[in-house]
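First the structure, which I've put down as structure tokens, then a few questions once you've had a look.
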Amino acid sequence: MSALTTTTPRRADRTSTGRRLGELAAPLVFFVLLALAWQWTAYHNRSLIPPIQAMVTDLSSRPDYYLAQLWETLQSALIGLVIGVSIAFALAVGIVHVRALRTAVMPVALLINVTPIVAISPALIVAFGFTRTPHIIVVAIVVFFPMLINATVGLSSVDPQAMDVFRTLSATKGDVLLRLRLPSSLPFVFAGLRLSASTAMLGAIISEFTGTSKGMGASIMLATSYLNLAQMWSMIFLSALTSLALLGLVAVAERMVIRW
Amino acid sequence: MSALTTTTPRRADRTSTGRRLGELAAPLVFFVLLALAWQWTAYHNRSLIPPIQAMVTDLSSRPDYYLAQLWETLQSALIGLVIGVSIAFALAVGIVHVRALRTAVMPVALLINVTPIVAISPALIVAFGFTRTPHIIVVAIVVFFPMLINATVGLSSVDPQAMDVFRTLSATKGDVLLRLRLPSSLPFVFAGLRLSASTAMLGAIISEFTGTSKGMGASIMLATSYLNLAQMWSMIFLSALTSLALLGLVAVAERMVIRW
Amino acid sequence: MTTSPADRHGIAVAVRGVEKHFTTRGSSLHALSGIDLDVPEGRFVTLFGPSGCGKSTLLRILAGLEASDAGEVELYGQPPAAASARKEIAWIPQTPALLPWRTVRENARLSADVNRTADRLGGSQRVPLDPDELLAALGLEAFADARPDQLSGGMRQRASIARGFAQGAPLMLMDEPFSALDELSREAAQLTLVELWERYRKTVVFVTHSAAEAVLLSDQVVVMTPRPGRIHAVVDIDLPRPRSSRLEETDEFAALVTHVKHTLRSGWQAAE
Amino acid sequence: MTTSPADRHGIAVAVRGVEKHFTTRGSSLHALSGIDLDVPEGRFVTLFGPSGCGKSTLLRILAGLEASDAGEVELYGQPPAAASARKEIAWIPQTPALLPWRTVRENARLSADVNRTADRLGGSQRVPLDPDELLAALGLEAFADARPDQLSGGMRQRASIARGFAQGAPLMLMDEPFSALDELSREAAQLTLVELWERYRKTVVFVTHSAAEAVLLSDQVVVMTPRPGRIHAVVDIDLPRPRSSRLEETDEFAALVTHVKHTLRSGWQAAE
Amino acid sequence: SSTGTSSTTSSAVPTAADGSTLISAERCQQNRAAGKITFLTSYVFAASVGILDVVAADQLGYLKALCLDVELQPGSTNAQLVSAGTAQIAGLGSASDVMVARASDAKNLQSIATYGNQGAIEILTMGDSGINSLADFAGKTVGYKVAISAQFSAMFKDNGVDPSTINWVSVGFDPQILPDGQVQALGAFKSNEPNVLRNRGYDVKEWDPEDYGVRSTFNTQVVNTEWGKAHPTAVEDFLRASFKAYDWINASDANLDTALGWAKDRSEAGYDLAMSKLRWQTEVKLVKDSQPAGLALGQQSEDQWKPEADALVTYKLVPSAPSITDSQNNSFIDAIYGSDGTLIWPAP
């Protein structure tokens, strides 16, 4: 039996600790490299991007200013997100029940999705004035499409065999919606919510480029015109981190809701 | 046997012609209603949006101007699309082979995806000058993420049983990539391409808001400052239609490539 | 298949001259042709035939899930829709099709939660059963509060059967409920079904392409042949009840299985 | 299972003391325990047992698709990886797993297209067969240029078998290739496999949970029991070859099926 | 808002910081009837004429004391917003902007005051760029903001240089691209970029269209036409308050610093006080140096706008010759000056 080779244990077991360390190390190393490249560029071209410590200094010297702008933008983003996502979901419910609605709504939704919203936002300010409304509308528009698509797919993606059970029971449309379509759609709805959440802050910021003097978008504009690189890039990073936090919240909510 | 009911023929057969007409009519009716609402608003508030005929007149009076701007923007959009999508695909190939790459690249890609690119584009112009390069880069950045995600999922979504066949044949990584992963990924790659194609024009237009005097973005900016609503909204609609055309092209390509 | 006058039950399912065509991308398929069938109340009848012979289509027409092109279907003297509106049809599909967000008990209770207007209609022949009693009978009492994804495939299929029985419908339609199980779990599930059926004596129309399964479970096996789907023959299974696993090892059983298979083969050859 | 000295073939597959545990979310599962097995060259050996007894796991360890925790595996005196590198193992999975973008013929040719370095290695026991000849033998000549999605389930599974045979590997490993087919297509596929095997006489390790299938196809049935997966007994199937559909109706056949089932049941009871 | 908060009730006439009454009860009623007034600055809260003076008028309580409820917003698409009635009063860059807007889709606005009577924009090059005449610009990359000004086109064309031989590129607000070499020339505000770049130690050369015979204006305040007609006293008193504040700022260096502090507060961050001070002083000088004889600050005339109107036609920025009479509504500005050309303060 000497020729029989001893099979090696599964690689996953042998190196699982090493691999886990590697998984943590890889992004860290990558981030450090990116930071170094950033610093090099910042010192190489002073009017391109600020050095990291300039951002840290600015952020820590006036946290309330940053928090105030963040809160302003976050409000528009969250209200717009809730409104846009709700309308999209309601429309999706209509679409899975009324076929004509689908063919009517979808082309328009697609058209809106490929329209440069940033070019429209001045018109919204003309129409709705210097209130929060136009900013909320921009957010609602940008978050609308991903949720519409995902909710429509989700509400349609019921197990056909479970549907047969409901149909032989003569379940009402309300029964089917509440007890079958809705729970079945949740994974898709959360996927849509992730997409929507990642664009909500972007929409709010872009809309704040005009029509307001508050919020992160206005602050970025102001920083651009005064060439305050530290403020501009602190805001950009702050907005990106806020979006990531929103994404994280959606993921947590998903894990709490979908327990099956 | 008189109590036995004659079952009715399938509804789909009976009304298929009627339904098909309905499917065509619904979006038409909806579009007509939208157009009427547009006209009413245009006449109600002259400096909000232009009446439709003003756009038609402007478009038809100087088609070469519009085509020139369109061509300019389309070039940036297409070049950026090809570059962004190629890099994303190449990275996805790397990611499915080197696990550490995934954990390194994904957080950064996610961060870039939630960064307000429109705020970055001035910095790109500072870095790359008044060439097409910064506009191409903006497009490449905005198309990058959807393709990265979809290509990664696609290249990983191989039938595990087919993979077993390849593994027992000691197929090389190149074999697996070329003959299994790549064809398996195509439906996902095209889904990513659809998402990317729908944002390419948007990215190009946003980037043209600064750094150039050519292209649809510059033209929209100009129209905004001269308050030439007909030009502004003609450009907006033209860009949306171009995006839809790009989407259509991707769909055609998909049907030609994926024949199974 | 004619109802014998000696049968003291009424007719639960009456089918006359049912035809069904499917049209996909222009090409038409004759799925069912000239189907005549009577199922007396309280009988276990199995539709047996090769893949594509129209077993599922026929069962779906009985349930009102599919409309026929011609012919007549009557359940207890009324159209399928009327029986369905009174929740008098229990449908047990091929996959367990449990709702993953409900516990096993909640799944078994599904029929009580939907179409509540039916509960107020008079004249129903439905006698809902206690879900917990059924789960216990199916050996699932310990899993009543578990979610379906914590169950094995065989247990899930048993939960699906519990749901069907809990509805208490006089007519149960089952479309290959055991086809996804491995041979050994399948045998266990078959025996459980036999036992339950012998206790509650519902009218059952069961679909399978396993001759052994058809013989083990049924009072009658309806042998169908494809292209177009027709009823070729009806084989009476005169095996004694209650039936058990020991029955499968008898020569009588083996002979009936062979007979059913041969009947099918001869029908097939005749059709070609 | 010991190799009889009278056997003039060598040993194709030698397994000694194989152990396998799976760890998922902390909890460990003992999937295989103390597996010893010799498969002589040119034999058709079937692993038979209930769901979860480790049949697939053992087969995957033989193919080198899974590593064992302890023990030794040797194919033709070398580790599985070496046989695999020379393309000497043909793997036929549970689903046909055809590449949908390739025609049936191109699928059957797959083994020639990948791992081309193996074709230049000397000393291979591999004798690639003509894909078209195999497709013809399997009744697929008319579909050689069709894409898999144009085929029925049974035809796809036959195409998968054609791919396995075309590779010309001396060792074929099959994991329940017929379990997704309905009973009638399944019987046809079994008979086709018997015929092909009797023509080419490869060494086959076949997995099934159908006792009838195991008896119909095999020279030997390895009965496995679960928790942990063990080899409980090896049943020699001394039925004459060539085997045909008529064999299934013989008493000898039925007796062997019952014997195999009983062996399994006794092993299970012993394990509990 | 440190001052002018003495009155909170709607009926009483408010008093100024010193307790004096600035407006009659009847006029106060009329101004209140105008409701909330949104004023849009021409460019953030920069220390420019037409912006800083309005900020000061607000902070000093003049607006409130004149019974005006004014909200100041940093502008964006001002012409559109005023024409649509979303905002009532706004600053625009120059008379040209007013005429172009009226020729396009912002027909519903009129100019009510023009501050500067020479152009405020020019082109900058680096001192050592080797660009020594307008002809040297051919083939060079020139950065502009938002749109190429008619003044620039006129400067080149009037002096025999085809503007289309120049590579115009739209740029942001950072002048650093000029010394960094991304552009060889840069459209700029006389009061801003030259100061900024010189302050950073660069030697820049200025190309002023005025020096090449191109006449223009800078900073006009516009009003929504209908709204102005409906609430003439509100428009008058808005201008009155602004110009009173204008004088107040220029009364002392300390006042200027105070006003700049107010603008800085509204800008939240990045406000460069030193540069802003220079900017204001430069602009005030431009206004003063170009004040036409016989016209008080802000007053406008047909003659004054004529060269710009002609240029717009020449460079086809408008389809036909604009009517200057219709573009201006001088009834408001003329009403706030006495016959001796002094601002009537307080209001009647």
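Letters A, B, C, D and E mark the chains as written, and numbering starts fresh at 1 in each.
The definition used in the following text is that a residue touches a chain if its C-beta (ideal position, glycine included) is under 8 Å from a C-beta of that chain, and two chains touch if they have at least 3 such contacts.
Only a predicted model underlies this, so the values are computations on that prediction, with no experimental measurement involved.
Graph distance from subunit A to subunit E, where chains that touch are one step apart, equals 1.
Contact analysis places A-B first among chain pairs (by count of C-beta pairs in contact). Averaged Cα coordinates give subunit D a centre that lies 87 Å from the centre of subunit E. In terms of their C-alpha centroids, the spacing between subunit B and subunit E amounts to 42 Å.
One simple way to say how far apart two chains are is to compare their mean CA positions; for subunit C and subunit D this gives 34 Å. For the pair subunit A and subunit D, the distance between C-alpha centroids works out to 49 Å.
For subunit D, no residue reaches two or more other chains under the stated contact definition.
In subunit E, the residues touching two or more other chains are 77, 80, 84, 172, 174, 176-177, 180. Across the assembly, subunit A contributes 45, 47, 122, 126-127, 209, 224 as residues in contact with two or more other chains. Residues 38, 43-44, 71, 73-74, 76-77, 80-81, 84, 86-87, 172-174, 176-177, 180, 266-272 of subunit E are the ones touching subunit A in the complex.
Against subunit B, the residues of subunit D that register as touching in their complex are 60, 63-65, 81, 84-85, 87, 89-91, 93-95, 97-101, 110-111, 113-115, 117-118, 147-149, 163, 167, 173. If you check the complex, the residues on subunit A that touch subunit C are 159, 161-162, 164-172, 175, 179-180, 183, 258-260. Those residues of subunit A that touch subunit E in the complex are listed here as 45, 47, 62, 65, 122, 125-127, 129-130, 209-213, 218-219, 222-228, 231.
By the touch criterion given at the top, residues 50-51, 152-153, 179, 182-185, 209-211, 249, 254, 258, 264 of subunit D touch subunit C in their complex.
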